[in-house]
Amino acid sequence: MPDPLLSVHDFSIVYDVDPPVEAVKNVTLELQRGEILGLAGESGCGKTTLAYGLQRLLRAPAVITSGSVTFHDASGVDIDVNALDIEEMRRFRWDKISMVFQGAMNALNPVTTIGAQLDDVFQVHRPDLNRRERRAACEELLELVAVGRERIRSYPHELSGGMRQRVMIAMALALRPQLMVMDEPTTALDVLVQREILRQISQLRHEFGFSVIFITHDLPLLLEISDRIAVMRNGEIIELAPARELWEQPQHEYTKTLLASFPRLTGERGVLVR
Amino acid sequence: MTTLEFVNVSKRYRVRGAPSMLALDDVSFTLHDRETIALVGQSGSGKSTIAKILTQLETPTSGEVLLNGKPIPRHGRGLRSYRQTLRMIFQDPFASLNPYHSIRYHIERPLRLDNVVPKAETEREVRRLLERVRLDADSVIDRRPHELSGGQRQRVAIARALASRPSLLVADEPVSMLDVSIRLGVLNLLADLQREEGLGVLYITHDLATARHFSDQIMVLHHGRVVEHGSADDVILNPQHEYTRELRSASPDPEKHFATTSAHPQGGVA
Amino acid sequence: MKIPVRFIASRSAFYLFTAFAAITINFFLPRMMAGDPVTAYMQRNAGQITPEAERSLRILFGLDQDSSVWEQYSDYWQLLFSGDLGRSFSNGLAPVGDVISSALPWTLGLVGIATIVSFVLGTATGALIGWRRGSKADVIVPISTFFSTVPYFWLGLIAIAVFSSTLGWFPASHAYDKGSSPEFTADFIGQVIAHGALPAITIVIASLGGWILGMRNMMLTVLDEDYITVAQAKGMPNRRVLWNYAARNAMLPQLSSFALSIGFIVGGTIVMEMVFSYPGIGKLLLDATTAKDYPLMQGVFLIITMAVLCANILADVAYAILDPRTRQTEA
């Protein structure tokens, strides 16, 4: 039985430059509660713009030109994201939908401790918590992602890439959101670390039941972790299918090209092209 | 016949205020022409140290690097001929081409420096090289790097490397900065050139899948040590070392994934 | 906060060495100049100089031909540690230390406050302008840059002509009214503020442009960083993103330029005090030069060097507090 969490309808984003660039074209999709939706595509296909657009995080010259985004809250209320005013939008962000960005150094503020950056989230969204409760919550989060509470006073540069990404995940988890948007969360990481992080995400998802939109160019990875995969090209979703279906019977030519771009690890050898 | 040998090469970096770090620990291997070796390792494994030693940005702390049995000269004509024999292709095709010069200039330069062809034939040779990497010579020759796509730039870099007719090529993550759908094209091109020109290629990468398909042998580097070295199929399909096994099982492998999971991949991570 | 012992030790060592080098140069400089004016002065005023004062002058200026350079050098250090900088010729042989300490507070107070106000105001304005890029506030940038490219003495003279001579809002010169003497009364403090206002305002106007421009440009760079997007995605209010995330990072290069500009501030001080006849250290140096008062000049040089060094240390400390990454790297 379908139980949608997020409905995107006819959603378009244009970069208002000369000539205008249609970054996202009439995207319609429905994300189910508890689902992992993979969003695959190459750089410049609009996948990141789409993700930012859902949270209205775009900056000029990007403009949302059409479409609606509806968030079906667990409380039963439907939230029309485009209709929220600035203050409501601010409170909506992270509380309902949080984000994990590429594992590089840059997603964390380099000059403050990770504890302070976690604390920020509670200060802003949960003003009724006192200092001690906030501190306890931050420590709990760091324990949860296996970074350890003793790291609360560390600065980003004192942590390894994998650790920093765990901190990002802890931060994304802070308010127990119903959806996490992950934009290339493991791309900059070594494959072993990547696997650990994925395991962590999966485990947390079992525990807290959030949905995931997982954005990456790494199709083999998506095939393994997603329930459904949307393939994007030039701002359009050209194919959306369950992972197995996409793998076994890709419909679109471009999907086939993408699939063929990754040599099989254990398949037949010698030819680079399948 | 050209042979590049690493004989018990170690490299120790001294870091002020910290214990010194062994970036390479007793690494030995031999690369002949007509042969491809993939050097697989994660960041910090020492694979970029090997590239740096080959480009002579670093010298080994101990051990020897030999070309045809002789140590690599530090300067003069010997060094020039070493650089003509062994060419590099780098990860970032934007950074490795000079934005102020045309594509023609980039390829002419090694031709002139190494006197590969008579001066009158330079233009023809430049065009031949561009066609060789499957670029349309007429449309790219007078352009500058920023007017080309990433894949085209990397092809230019390959043409430039081929200009001095090397017998060995070191490709340091040549496709990892390119868009997914063109990576394979560039790798296929490299593979074809390798076969046709009889090149020896050292393919440095973090990606097990392309390593297996591109090369005859795979060498797995971990914490500066070669933990496994063998034929590509053996290393991937039948890994002996614990670390290789870990790497293999961590690499995405949809084929195996769909073969082993039921039709319901709900939350199928790990 | 962890105390970065290594960092502090290496920075202190650096500054101690710089101070030592500056003082040593200050010792050798007069020995390279002809000692004649000093000898001449002492001969002219023989009998008026106490033997004690004469001894210190001899040490300071290397007139002690009997002793070796080493002895002179160690005597010189001893003098410095006892706070004796010699006697000022042009101030009735008053101790140089006393002369300087009567002028120093004026400069420190006026220039110090004006510089800090300019830095804070300029950085804050630059942060806001950078945050609202493309808005009408951008107009401030060319205007403030215009004022910082105008030669300062010209700006000062115009300010005097307009606000003092014509409008009569502020007194044109000196630190307080003629006839009064420094005391802790409301009246006197009012005078100091009235006299200091014009020079302080001109300093702020002249230096504001640089801080605004620098900060605005850094803001534009920092606003493109991922952690700004993350902060916005986190639902942080704009004020918080602006100050805690963007400005906090963008101001680090500002601190470096602050440390670099300290030398220029000293130069500017001399011009300012000349234009406004302000009784500070710059004017003192000017007067000492005109009067060929070598002991005073040497003393002022020493104090200026030490002041620049101290300001650098402060900028360094501020940087280390604001940027955790510097604490880790060895200088």
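Every chain is named by a letter (A, B and C) in the order it is written, and numbering of its residues begins at 1.
Convention: contacts are C-beta pairs under 8 Å (C-beta built on N, C-alpha and C of every residue); 3 or more make two chains touch, one makes a residue touch a chain.
Values in this document were obtained by computation on a predicted structure and should not be read as measured data.
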Checklist line | Middle chain, criterion being Cα centroid separation | finding: A
Next item on the list: Please indicate which chain is farthest from chain B, where distance is taken between mean Cα coordinates of the chains.
Entry: C
Notebook entry, point to check: In angstrom, rounded to a whole number, how far apart do the mean CA points of chain A and chain B lie?
Noted result: 33
Next item on the list: Compute the distance, rounded to whole Å, between the mean C-alpha positions of chain A and chain C.
Entry: 51
Note to self: As a quick test, compute the distance in whole Å between the mean CA positions of chain B and chain C.
What the structure shows: 56
Margin query: Residue numbers of chain A touching chain C in their complex, please.
Written below: 52, 55, 57, 60, 90-95, 98-99, 101-102, 104, 106-113, 120-121, 124-125, 153, 155, 157-158, 168, 171
Margin query: Per the contact definition, I'd like the list of chain A residues that touch chain B in the complex.
Written below: 36, 42-43, 190-192, 194-195, 198-199, 201-202, 205-206, 217-221, 223-227, 243-244, 247-248, 257-258, 260-267, 269-273
Next item on the list: Within their complex, state which residues of chain B touch chain A.
Entry: 42-43, 179-181, 183-184, 187-188, 191, 206, 208-210, 212-214, 232-233, 236-237, 246-258, 263, 265-270
Next item on the list: Write out the stretch or stretches of chain C touching chain A in their complex.
Entry: 1-2, 134, 225-227, 229-237, 240, 244-245, 248-249, 252, 322-325, 328
